[in-house]
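In the two complexes below, chain A is the common chain; its partner is chain B in one and chain C in the other.
So, the complex of A and B:
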């Protein structure tokens, strides 16, 4: 076992250990968001470590690029799926709100002080503003 | 390298058993989604460890398919539950629908 194999072995064992921590966290944690936090560890860092070990081990083989593709696709798709799952979890009240320190979605923010509404040249509202917000009435009447 | 294979597969197997326990117990549907995602990642790690230890590249396309299947599965199930959410909120009466009762969190009657 030379140095490259040693580095590859360390990467593989570390990635597999992160998979074990994901299992422990999924069993022990009390909430959907906490379980997502535990399950994300092997999704990003574990897969990156295992793919690094496999690339070191398989250097010279023809389809090593596929391992790099797997790692990149995990990096891209993990935030998307985590965002969707956590949003649905919050909306369906699977989050224990008493355990949250900061709940930015729960309480409506304090009303802003009166300020002049931004002028739209063609009268089109901003795309980010809600259509049924408190400012919509004054906007549609003008 | 055999020792590395044994250690890696033992760690992956223990993690997969714990994830399967959460998949069986999970009180809500989203817990099962999260644990299914973690289980597919564990399977992908296992395939990669096999490829790396035995220098066998015949399973690498399977690795790519599993990694993409995890994303597609979790996103589609999340959108499905979101559709249930919209369908449950549109009637304005107070009786909870079946979609409301299906994903009730633990601790509530």
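So, the complex of A and C:
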């Protein structure tokens, strides 16, 4: 076992460990926004480390380039998907406000009660809003 | 004709990137892969056209290296921090802050948002494109001073990205003293609602 093997093993084990903590965070964190933190940071670095370890072990084989591609895709896509999920979670008020120290954004504005609504054939609300939101009542009464 | 030429110029980075991806997927660089990749890239960009990205076209290697280096260190720190939070018993407090950015470029804002989601404790929630105000969720904050430090971190990240990839105008905007402080911006937004 030479130095390269050692480095590769360390990378692989550390990467696997970070992916494990990402999974643990997904289970243990209190709300969607916190879970998305777990899904981006340790997850991305974990995959990068696993890829680094694999590249060291597989040097000289054509598959190495594919691993580079995996790493790049992970770096580009993980933040985007986390952003989309947390943005929707925020707008649908899946936020535990009691756990926030500071909240400068405030509650998202009620989704336009004044807007004339195209009436859904079945009478169901067509806007993207939570059924338990405070403006759900005003919608049904108007 | 000129419109087509300028369109091709805008598409060129995308075409090159697609050819590179094609070659990486095959695992070898060869003439066959290069030509095949070019054909696939042309078909893809013709069938699935994307809006042109207004790139400043500037790239400063030194500043970019500073950005990438700091980014990797930050990624390591934030991974360890979030891992520790996942293991640690007990609860932590989060925060949502709004930060007034000084950049007004789609591409730069995209890079900033991507990088911010990967560095310590921050996740981009929303972006008010018109005013360049970014809403950011901080995973763990200890006190108000910590919040301010994180806000400074966000502005520092913007600074590094703009100095690496921004045009001279963007950099000049960074040094303008007249930009609103984040605090007044936040209260103003609150009172508007």
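Quick note on the criterion: the second predicted complex is superposed on the first by the 104 of 142 C-alpha atoms of A that agree within 3 Å, B and C clash if a C-alpha of one lies under 4 Å from a C-alpha of the other, contacts with A are read in each partner's own complex, and residues count from 1 in each chain.
Everything below uses one rule, namely that a residue touches a chain if its C-beta (ideal position, glycine included) is under 8 Å from a C-beta of that chain, and two chains touch if they have at least 3 such contacts.
All figures in this text were calculated on a predicted structure; none of them were measured in a lab.
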Touching partner for A:51 - first (chain B), second (chain C), both, neither: first
Partner chain(s) touched by A:4 [first = chain B, second = chain C, both, neither]: neither
Touched partner set for A:80, first chain B, second chain C, both or neither: both
Partner chain(s) touched by A:102 [first = chain B, second = chain C, both, neither]: second
Which of chain B and chain C A:90 touches, first, second, both or neither: second
First, second, both or neither for A:24, with chain B first and chain C second: both
Overlapping contact positions on chain A, where the chain C interface meets the chain B interface: 21-22, 24, 36, 42, 46, 61-63, 66, 69, 78, 80, 87
Of chain A, residues touching chain C in the complex: 18, 21-22, 24-25, 28-30, 33-34, 36-38, 40-42, 44-46, 61-66, 68-69, 75-76, 78-80, 82-83, 86-87, 90, 95, 99-106, 109
Residue numbers on chain B that touch chain A, as the complex places them: 1, 4, 7-9, 11-12, 14-19, 21-22, 28, 30-31, 33-35, 37-38, 41-42, 44-45, 48-49, 51-53, 55, 57, 60-61, 63-64, 67-68, 70-71, 74-75, 78-79, 81-82, 85, 103, 105
Residues of chain A defined as touching chain B within the complex: 1, 5, 8-9, 12-13, 15-17, 19-24, 26-27, 32, 35-36, 39, 42-43, 46-47, 50-51, 53-54, 57-58, 61-63, 66-67, 69-70, 73-74, 77-78, 80-81, 84-85, 87-89, 91-94, 96
Residue ranges of chain C touching chain A (in the complex, touch as defined): 21, 23-28, 75-76, 78-79, 81-83, 85-87, 91, 93-98, 113-114, 117-118, 121, 123-126, 135, 137, 139, 141, 143-144, 147, 186, 189-190, 193
